[in-house]
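Each of the next two complexes has chain A plus one other chain: chain B in the first, chain C in the second.
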Partner chain A sequence: MGAAGRALARAGARLPGSAGRPRAGGQDAGGQEAEGRWSDARVERLLGAVACLVLLLIAGMVIFVFAKAWPSFAGNGFFGWFDAKGDTARQMEDIFNSPANPDAYEYELSAWSLLWGTAVITLGAVVIGLAFSLFAAIFIVEFAPARVNRVLEPVVRLLAAVPSVVYGLIGILVLVPFVADHFISPERKESVAFVVQLSGGSVLVAVAILTVMITPIMIAIVVDALRAVPRSWMEGAAALGVNRWRVMWTIAVRTARPAIIAAAVLASARALGEAIMLSMVSGSTYFAPNPIDGLTFFLEPTRPLGAAIVDNSEGLSVEPFGQTLYAFAAVLLVSSVALSLGGYIAKRPLRKYGVRP
Partner chain B sequence: MAAPSWRPTSAADSLESWPLVDRIGYRLAWATGGALCLVAGAIVLYMAVRGLQYLDLAQFTQHPTSDIDQSKSGGFFDPLLGTVLLTILGTLFAAPLGVATAIWLSEYGRPAGLARLVESGVEVVAGTPTIVMAIFGLLVFQQQFFGFLSLTAEGDAVLGRSFLVAATMMSLIALPLVVGATREALQSIPGHVREASYALGKTKAATIRRVLLPAARPGIGTGAALGMGRIAGDTAIVLILLGGTLQLEEANSFPLIGDLKGTGSTLTSYVYINSPAGEGNAPEKAYAAAFVLLMIVIALNFSIDRIARGRRPAWSV
Partner chain C sequence: MNRTRLVTLLALSAALLSMATASAASAKTTISMSGSTSVAPLAERLAGAFVKEPAYRGKVGFRIFQGGSDIGITDVSRGRVSIGNSSRDPKPADPSGIVFNKIARDAVCVVTNTDNPLPNLSQNQIQDIFSGRIRSWNKVPGARVSGTIDLVVRTPASGTQDAFQNIFMGEDLRVAGSATTKSTNGLQANAIKSNPNAIGYASFNFTKGLHDVPYAGNLCNLRNAKAGTYGGARNFFMVTRGKASGATKAFIRFIRRSSKAKRITQTNWVPLRG
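Right, the complex of A and B next:
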């Protein structure tokens, strides 16, 4: 509808008389705003300037955060910062207690446990959530009776709307004690007691709640894409005798692949930045859960980047410590910007089916 | 919502003839749908039971105080007020910016490269973690230049924490939602409506103001309501940029400005502080406040149905 018609109209607007300058006292209500203060060119520039504020903001965010975080990266060397050597908890304490003299600031840090914790929790939630939301989206688009859909649609919106602190509260008051009571036996506690204390706050609870939090986002994106798959394609398959499930699985899901990728990418951006809920349920210990511990791996606590910033927020204005926290933020910022742009690019091919992402 | 999906046969009559894998997939799809309802139902029910158990009307009017005894630590009057204040303020900041951005993107969008850049920029803002926004805000608003927005201590150090500061960063959460909803509304207005306006001699600017904006109003309302829901539910920005005082602390005795420049708390930070993760550790208070918060957020999110159902424009059939 839009483009051609608008181009025509734009051409029409240039014709003399159609939208020209108002003659003295000539026009109705349009006259007072036709030219002068609200001329078209000026409005376009004004709106454009406002729109570009977003770009300014992003540039400002990247510059400010990196400028503040730089000493922490520089003090460790690029690879040192991401390294796994040393005890992160002790290093953070040393940084916090570093001497007040700027020349003697302590920056030594290897943030591997934080990065690993973030990656494990994010990946776990996105992988489980993606499988879950794919099936849920197929159900909503194709199989759910209209009456079920009338319930399901508000349910998905509700799950997306629940504040993260409420999820965190349920996690810390219900799930964490439950896991501590039922999954963590004394022998299991004993087996890793020399490295870490198992208290219930764990990768398992964090992944479970995070999955619930990001699934609605993915469902919304995948449902939109599945609905936009041209019906004639699916009808063609059905006419060849393919059953309904296989039509969805082989035609619709395959067509919607860009959306599924976009959903995964955008959901991981969201999961990565979740701080409050994770600081409440992830155990808040500088520890990198170790996969060779077998099932105990899922019960080990960790502390993702966002949660580390929240937990230490009192120290934001203490000099070398604050810079370290801003370095965490810088890592989060870069990864979330990359993921958002990735999602934006992944969604673009969908436009040819008429989906406006 | 959309057109009813394509249904060649009813689900039951052919299911027996399907291959096993397909039948498993079909059952899994039903199972996930059921699981979603179950999880949502469990969350709401649990919060309702716990919330109503510990909630009493006095909590809505009592000021919170820090006391180890949960029966003496007061209610959540100030946090509730803080949530309302912050939500309204944040939406007031976000709405004009978001609407202007959406209009430019969908009605002008020239040069195309810049429009695409802005579009992806909005997406980036939507994906930026709020905790990063929060500490970025702290960095910016502690500059001397922004001292007028928050408290200034004796030694000219700017606190950088106040309702105004928090609302400014909160508006960034609502911005992408407002932009998205407004754009969608603008794009669903048929082209001939614009042409009719041009044919009557209106300029483009006048068309936007007199024709497109009124028609997009339900869309703008939807975006704003969604944004308010997100603002009311955010914790990270509140914890870092609102100063973490339980009661509203005025910066000066000026009626409203003093409050806006002062610090305070919201329901989200109140829940966080009273949870075992915060220093308060008063789960009863946390449950009660979390229930109220949940109700507010749900109300905001489902008010969009009413907004969207509002007056239909003349050209819609």
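Right, the complex of A and C next:
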């Protein structure tokens, strides 16, 4: 009786208005005690405390990363850090071999190649992925037969959860050798031999795999958004004699624009933070792929920020080197905050006729 | 009722735990080390085996820092640590009163793809190739492939990169910035295996499936490295302030004498005794 009464009272306390009302079946002392313990006010404060704890943790993490990263930025001057001059590989080696005296720590670094590599790979994957996911979502929502959908949708959601290292393995064992054998001729290699080595790991492979990685989650979000478009709006258009494609494109997709932006932001955040897979397939060279090189641009290696952190984590115990890695992390943090903000600003004017999943 | 019991249990276990750690801490001697990042992985594994030895279990603990050979030597000469790890030989400018105890040797093999079994490389050739002075296999005698030389090396934070730099390149030369830098032995070996034009370096336990290039006429293997005929090797030292004593002495003795330590050393490095 005691236990059952307590459970009942606990369940009752969660419903607004039901707290404190006597229950049929009797309130024993234990029940009242439990209700007092789990009163709405207390639960609110407790859950509020948990939520604040999360905020505190995030704030603490940001402060920690920036405090750790500060000497690297300060040692270069703000603009020097983002500069393109100098050989990043050699600079990283010098930083790693800093003398033991903290006053003589080596910080000189120009991280442009890392930033450029991150930007090129992320943008490439998000733009291609966005186009793919938009059309795939329209197909799933409007054109696919129910039988196809029963397979397609669960598979898409499953793909969104595949660990990135699996994609990395496929990339390094299949795609990188394939690109090296079929796209990189000896002449092409020689044309850039004095600047960079072409060995298969490249912008092309990185963008291809990253696209495959982030598209499923974009499809899932866009599908939910298209489904949330009020049926009557689309039926109204269909009643005017517009065909299904035009209805989807002019009504549903336009209405779902905020959600499409949200999908792009989420996918970019995932792409930005991807490290292991990119460290395996992007070519592992501090190099900023040069668009002037024409098609070779896509075959040139690079090393994005996340991959640079993973590749160098062995040297974390060397203080200035660790601080440099924290600086990479700080740039990633700022970028993801900027992305969220950018997404928020872009969504605002679209909100009036928009739906959100 | 249940709750009170639970609380009591938790409090009891916490008390027990704190007592256990307190008693363990009071009986332990701690050996601290700092220095060479190349020696650190070996030192860590040896320390792990040493604390499991029946005679020292629960009595000896380790604190291992890194920071480069010079840091280790400075730290130990000032008495900040019990052992300074060094991957370089003693220099005349080193502080006085310290003893270099040799614990192992470290060898680095130059490796190529099996399609390009180079018969030999001299130190000059290795320096030319890795510093980017020569960028085409057509200019390397004995090469079976033509076209660009693809350098596949390790990130600066790896001990192998450090060893290669010290043994083959010396103070002034650096590996060319265009080289692909891999973060692990496995990724590096994989890159060399899949590219006939590649050349790189590895500890001799990671050369399976690759061609070991003889250096100055000597094959890169355990026997030559032990005998000292293979030039691509260097010494590892544990530096102590004065002669080693107490737990430190026992540890260094363990590294040099016990078969367990030899087995650990053999995985990646060259033990002193066969």
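Miscellaneous remarks
Just so it is clear, the second predicted complex is superposed on the first by the 305 of 357 C-alpha atoms of A that agree within 3 Å, B and C clash if a C-alpha of one lies under 4 Å from a C-alpha of the other, contacts with A are read in each partner's own complex, and residues count from 1 in each chain.
Keep in mind that, in the parts below, a residue touches a chain if its C-beta (ideal position, glycine included) is under 8 Å from a C-beta of that chain, and two chains touch if they have at least 3 such contacts.
The structure displayed is predicted, hence computed values, not measured ones.
Of the two partner chains placed around the shared chain by superposition, chain B is the only one that A:275 touches, whereas chain C remains out of contact. In the superposition on chain A, contact is made by A:87 with chain C only, not with chain B. Counted by residues of chain A touched, the larger count belongs to B, out of chain B and chain C. Of the two partner chains placed by superposition, only chain B is touched by A:155; chain C is not.
By the touch criterion defined above, A:132 lies against chain B but remains apart from chain C after alignment on the C-alpha atoms of chain A. Judged by the touch definition given at the top, the superposed model places A:318 against chain C, while chain B stays out of reach.
Touch criterion met: A:246 reaches chain B, while chain C stays clear of it.
After overlaying the two complexes on the shared chain, residue contacts for A:309 are found with chain B alone; chain C is out of touch.
Touching of chain A by both chain B and chain C, each in its own complex, is seen for residues 172, 279-280, 284, 310, 313, 317.
The touching residues of chain A, when paired with chain C in their complex, are 87-90, 92-93, 96-97, 99-100, 172, 176-177, 180, 186, 189-190, 193-197, 199-201, 279-280, 283-287, 301, 310-315, 317-318, 321. Contacts from chain B toward chain A in the complex involve residues 1-2, 4-6, 8-9, 11, 14, 17-18, 22-23, 25-26, 28-33, 35-37, 39-41, 43-44, 46-47, 97, 100-101, 103-105, 108, 110, 114-115, 117-133, 135-136, 138-140, 142, 172, 175, 184, 187, 190-192, 194-195, 198-206, 208-210, 229, 232-236, 239-240, 268, 271-272, 275-277, 283, 286-287, 290, 293-294, 297-298, 300-302.
Note for the complex: chain C touches chain A at residues 37, 65-68, 70-71, 74, 135-136, 146-148, 150-152, 155-158, 174-175, 177-183, 187, 190-191, 194-195, 197-198. Residues of chain A that touch chain B in their complex: 1-2, 4-6, 8-9, 12-13, 18-19, 27, 29-30, 33-35, 38-40, 43-44, 46-48, 50-55, 57-58, 60-61, 64-65, 68, 132, 135-136, 138-144, 146, 148, 151-159, 161-166, 168-170, 172-174, 212, 215, 227, 231, 234-235, 238, 243-246, 249, 266, 269-270, 272-276, 279-280, 284, 306, 309-310, 313, 316-317, 325-326, 329, 332-333, 336-337, 339-341, 343-344, 356.
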